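Mind looking over this structure? Questions follow.
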Amino acid sequence: EKLRLGNEGVYPPFSMVDSSGNLTGMEPELAREMCKRIGADCEIVVMDFKALIPSMLQGKFDGIVTQISPTPERVEKALFAMPIVYNPATFIVKKDSDYTLTKEGVTGKGLRIALQRGASMVPYIHKHFGKDTFTEVYYDNPDQMKLDLLAGRLDLVFDSKINWTLELIAKPEGKDYKLAGGDHWLGDPAIPEAERGYSWIFPKKSEELVKRVNTALAEMIKDCTYTKIRKKYVPVATLASEAACANVN
Amino acid sequence: MNGLPIDLALAWESLPALFDGLKVTAILTALPLLLGLALAFPICFARMSDRRWLALLAEAFVTFFRGAPLLILLYLVYYGLGQIEALREGPFWILFGSPFGCAIVALSLNHAAYMVEVLRGGLLAVPHGIVEASEALGITRRNIFIWVKMPLAIRYGLKAYQNEVVSFIKGTAIVSVVTITDLTAVANSIFEQTYDPFTPILCAAAFYWAFVNIIRLGFGLWGRWLNRHNAEDVAADAGVPGRGAALRRTSDLGQVTP
Amino acid sequence: MTMHAPAPDAAKEPGRLAITISGLVKHYGSHRALNGIDLEVRRGERIVICGPSGSGKSTLIRCINALERHDGGSIVVNGIELTADEGTVQDIRQEVGMVFQHFNLFPHLTAIENCMLAPQLNRGLTKARAEKLAMHYLERVHLADHARKYPSRLSGGQQQRVAIARALCMEPRILLFDEPTSALDPEMVNEVLGVMEELAASGVTMLCVTHEMGFARRVADRCVFMDHGEIVESRDAASFFQAPESQRLRDFLAQILR
Amino acid sequence: MTNLSLADLAGYMRQLGEGALITLELFLTSFALAFIFGVLIGIATLSRSRVVQGIWRVYASIFMGVPSLLVIFLTFYGGSAMLGAVLGEFGARIDISPFGAGVIAFTVVYAAYIAELVRGAIENLPKGQFEGARALAIPPAIMWGKVILPQVMRLALPGLVNVWSFMLKETPLVSLAGLQDLVAAAKIAAGATKEPFIFFVATALVFIAFSALSFRLASRLETRLDRGQRREAAGRSSSRAAA
Amino acid sequence: MTMHAPAPDAAKEPGRLAITISGLVKHYGSHRALNGIDLEVRRGERIVICGPSGSGKSTLIRCINALERHDGGSIVVNGIELTADEGTVQDIRQEVGMVFQHFNLFPHLTAIENCMLAPQLNRGLTKARAEKLAMHYLERVHLADHARKYPSRLSGGQQQRVAIARALCMEPRILLFDEPTSALDPEMVNEVLGVMEELAASGVTMLCVTHEMGFARRVADRCVFMDHGEIVESRDAASFFQAPESQRLRDFLAQILR
């Protein structure tokens, strides 16, 4: 069995290309392991994030192995496998900012917020903060947000917590910034806490494949392979269900 | 999926957003067209100057801004200049701090580079004999430029100018890299929300098509007016194959560009 | 080696000389286009210049109103010595009108606008006065009816007459013609020659490069034959044709008159 | 301030090089196809048939009036669906790669431009050239091949150079449809190293160098095609042009 | 109303007729350019056609080798009737060479390549043989030295001679000339007329539209005068000039001979 899988390639530490041209990061490694377990011969293709889902919907991929949040529109169009990363969204603000991140706290402040174009953060902000509360600025990728945040063109960013923690807050240039406003789950609020997370997705017709993928992933979490791979790239836990493997190396 | 499923309801719903996008596109067209043109004149004079270093400098400008893809040019101006601490503190930050400012700077530079060549082509196409005749009439250089060379250069270069403007409008479709929500960006975000491969893109295409063709129409009228001296209504005034017409035609050629 | 003999009294009365050329030399790169020309033209004199192609006729004419800079010798026009100085050049060009082989009308201006441009710009005439002046000269070349037409609507002969009127509008004291009829169809030659004859009769100083020997016979006071950048023979029209001295001129006339 | 090792830098630069090759391949393939179709369409549209003229007008106005980026998206995302509509189930399964979408889109768009150029050039050719050939009883196919087109190419060359440079500048757009070209490679390198400027400047330089080089070649070609067309190389004409 | 009188024996011996035209009619839109032309040309005959501009001379010539399709009447060339059929047209064009006013040389080919093109393609000659043939005819027009030059490097007279050589390379039995010297400078007319005289002496059938009356006198067997699409007078050269019958021809000759 041959599978063509799509991946973003520019989302460290989950996905990136090293200097010799190999795709590495947490997602590709997990995907390779998964393929081994379901006995598939996988080719992982790197493509712009924006092009991934439409390409799969047009039948150009058999699945996407980049974390994707289960928004209602997406759930309608694609099958979501079990969550592989719980990477909630959060706000990144300047250390000295004094507003509270509620609708009331930010209204009328004229704050400029960075959002990823086409990402699920956009409808979420609209729903919980209103369309005109912030001045919204759209970016193609988080690197551009970071450059603009450091350049002083932005007041705050609303994006994935883990990435921003690793890429900004933990680094020297992030000394003036902090996370704020708590964790926000962008998916269906009906999903219970424990099952929340971003998943790989597959075409609607591939139910059988998704089952096999889920089985493989569950096994990987259970035998701590998941955690081993995760630790190579991400220092903090990314799933609640990996708690049992906390001490594995 | 069968046929070309255009979702009329979605198209209708998206119209207001697309219109907003079109407004942004129009602004991003109008300002750089003016600024770029203004910038093109001095650079064109430099490019045609007898002073070697000046000409070389102008040529370098043209080579650079014509060669660098707009996508990358915009990126460098917007994100690159933002990294310069001194600039952030300085007065120009009003301009470079905003994506619009950056986009207008980058687009203007790009347009200027192309316009230098359009202008130069038009000026070179002015028959030397006509300039000589003006000199023989004792008209000063400055007046020759204003009353003879420029009016003719505009006529000879009009087609090339139109092409540059049209291609420029279409080129603005990439400003979304610097966070500007223009017509293309609107269509893209609708596409990314709905994953409908036709409706938003075709709608945007229709908007562009209309915009571009209104511009072309305008140029057509302008050209007709400018070239009224060559109009062929008083037909069979035979014998004279209209030197002007012939010259104009050859100078058009080669300029039929995107 | 030149054999021309200026009218004996001319040298004594410089005030009566319109143009004095002496030892004129002009190089194009290493090519010597004019090789020591001496020529004196009296007020009101009508001179026809002829000679084989490449002999330097155009170059000579063009040096006189500084369309080409000369490299040696001197040119004095109406008492003013021609130098590289911009002001002097302008002054001389006001005195000297020129009519080109290819008319070189401004294609974007009507006949009358062609005539009005230089008076308005150089002499600061109001529009109304320039128009009156232009109309006067257009009438003189029998083109009053065509004043509002663009050049492309006029026949070659008419275009050349507009060019003559345009030169006349500067009210120059000297008129230079460079093969004014050789770009015309045979039928149109006559109308232009007719106008030139009328002008000649009115006493303007004229230097005319032409191969229309009929015109030379009828109008010229003096004919000048050039070859290899030199004046080979220069004498009154009658003896020029009937008793050419040099073999070169004899050969040339045999060719032309066939 | 950079924490990029030299080896890493070299590695990413090599990837940029590979991307550049893909860009070049895309560009040359598209240009060649657009050229061939453009010339054919250009000749075809000389026909006075109303139908031909109508089709040509619609085609030219659409593809000259719409940004290439949208044409690329439409071909890439809508291509299979469109094929499906035309060819049924079988067509729907034909997959259009980003590269294919780029080639198709650029060919369709730029063939229109080239056709316009070729038309213009043919119309500008003195009628006497056709008559001269016909009076010599030269058959049409050979007349086009040996007499008309060589002259058309000379007349159309400056325009072709323009089309060339426009197309070159638009090739990066295909990266937005997922092609791993030069710009995509730059983005990947930038994403992994967090050093966007090094790689974007390098990319810009590659483009500038290539376009400067192609302008050089074009002006060489121009002189070559002009052989026999201009009077003495030295002498008047050149000094006039410079004036 | 035509007054031409073909040589009386011609009609009886069709084999000796190179061209037979009867009742030829040609319209451009509603304009009747040819209005019932009858003309018979014997083998080896040399006919000069003249007449005012727009009288239909070019149209007549161009109908003979099917550059224009005629609307009525018939043209028979060397016994083949000219129809719309592509094959017949090609056959006739092999028999009929044409020399244009503006030469119509192929600018991208050298003189000799211009001459070689048709023989190689139509008559299937090898390159070597075509080259030999072309060289032969280039020698005949005294251009062997210029064989490798591009047309733009040749003077007008030389270009027209190349055009003649190119037509001769088809070894046609009939040569048509449409004002072959009227685009030439006066000095170059002679060299072309000289070559044409030599051709005439060699016995080729020639139809020549020209206003060079000297040539007509020296070479033509018969002169044809056209006006308003009709043949007004057609007679041997001597009496054509000395005793023109119609007033129209008399007026015309007065103009031309001025």
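By letter and in written order, the chains are A, B, C, D and E; residue numbering begins at 1 in each of them.
Here, a contact is a pair of C-beta atoms (placed from the backbone, for glycine too) under 8 Å apart; a residue touches a chain by one contact, two chains touch by 3 or more.
Chain labels with UniProt names: B = ABC transporter permease; D = Histidine/lysine/arginine/ornithine ABC transporter permease HisQ.
Everything quoted here is computed from the prediction, not taken from an experiment.
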(request) Could you tell me which chains are in contact with chain A and with chain E alike? (result) D
(request) Write down the chain pair with more C-beta contact pairs when A-B is set against B-C. (result) B-C
(request) Farthest from chain B by Cα centre, which chain is it? Let me know. (result) E
(request) Can you check how far apart chain B and chain C are, centre to centre, with Cα atoms defining each centre and the answer in Å? (result) 45
(request) List the centre-to-centre spacing of chain A and chain D in whole Å, with centres computed as mean CA coordinates. (result) 39
(message) What's the distance between the Cα centroids of chain D and chain E, rounded to whole Å?
(response) 46
(request) Express in whole angstrom the distance between the two chain centres, defined as the mean CA positions of chain B and chain E. (result) 52
(message) Going by the contact rule already set, what residues in chain C reach two or more other chains?
(response) 185
(message) For chain A, give me the residues that contact two or more of the other chains.
(response) 50, 54, 58, 147
(message) Going by the contact rule already set, what residues in chain B reach two or more other chains?
(response) 79, 83, 191, 197, 239
(message) Using the touch definition from the top, list the residues of chain B that touch chain A in their complex.
(response) 79, 82-83, 88, 97-99, 176-177, 179, 181, 185, 188-189, 191-195, 197
(request) Using the touch definition up top, name the residues of chain B that touch chain D in the complex. (result) 1-5, 63-64, 66-73, 75-76, 79-80, 83, 124, 128, 131, 166-167, 170-171, 173-174, 184, 187, 191, 197-198, 201-202, 204-205, 208-209, 212-213, 216, 249-250, 252-258
(request) Could you please specify the touching residues of chain C with respect to chain B in the complex? (result) 65, 67, 90, 93-94, 96-98, 100, 102, 104-110, 117-118, 121-122, 150-156, 159, 163, 166-167, 170, 185
(message) Please output the residues of chain D touching chain B within their complex, sorted ascending.
(response) 61-62, 64-71, 73-74, 77-78, 81-82, 84-85, 92, 110, 113, 116-117, 120-121, 124, 155-159, 161-163, 165-166, 169-173, 183, 196-197, 200-201, 203-204, 207-212, 215, 240-241, 243
(message) Applying the document's contact rule, which stretches of chain C touch chain E when the two form their complex?
(response) 52-53, 182, 185-187, 190, 211, 214, 255-256, 258
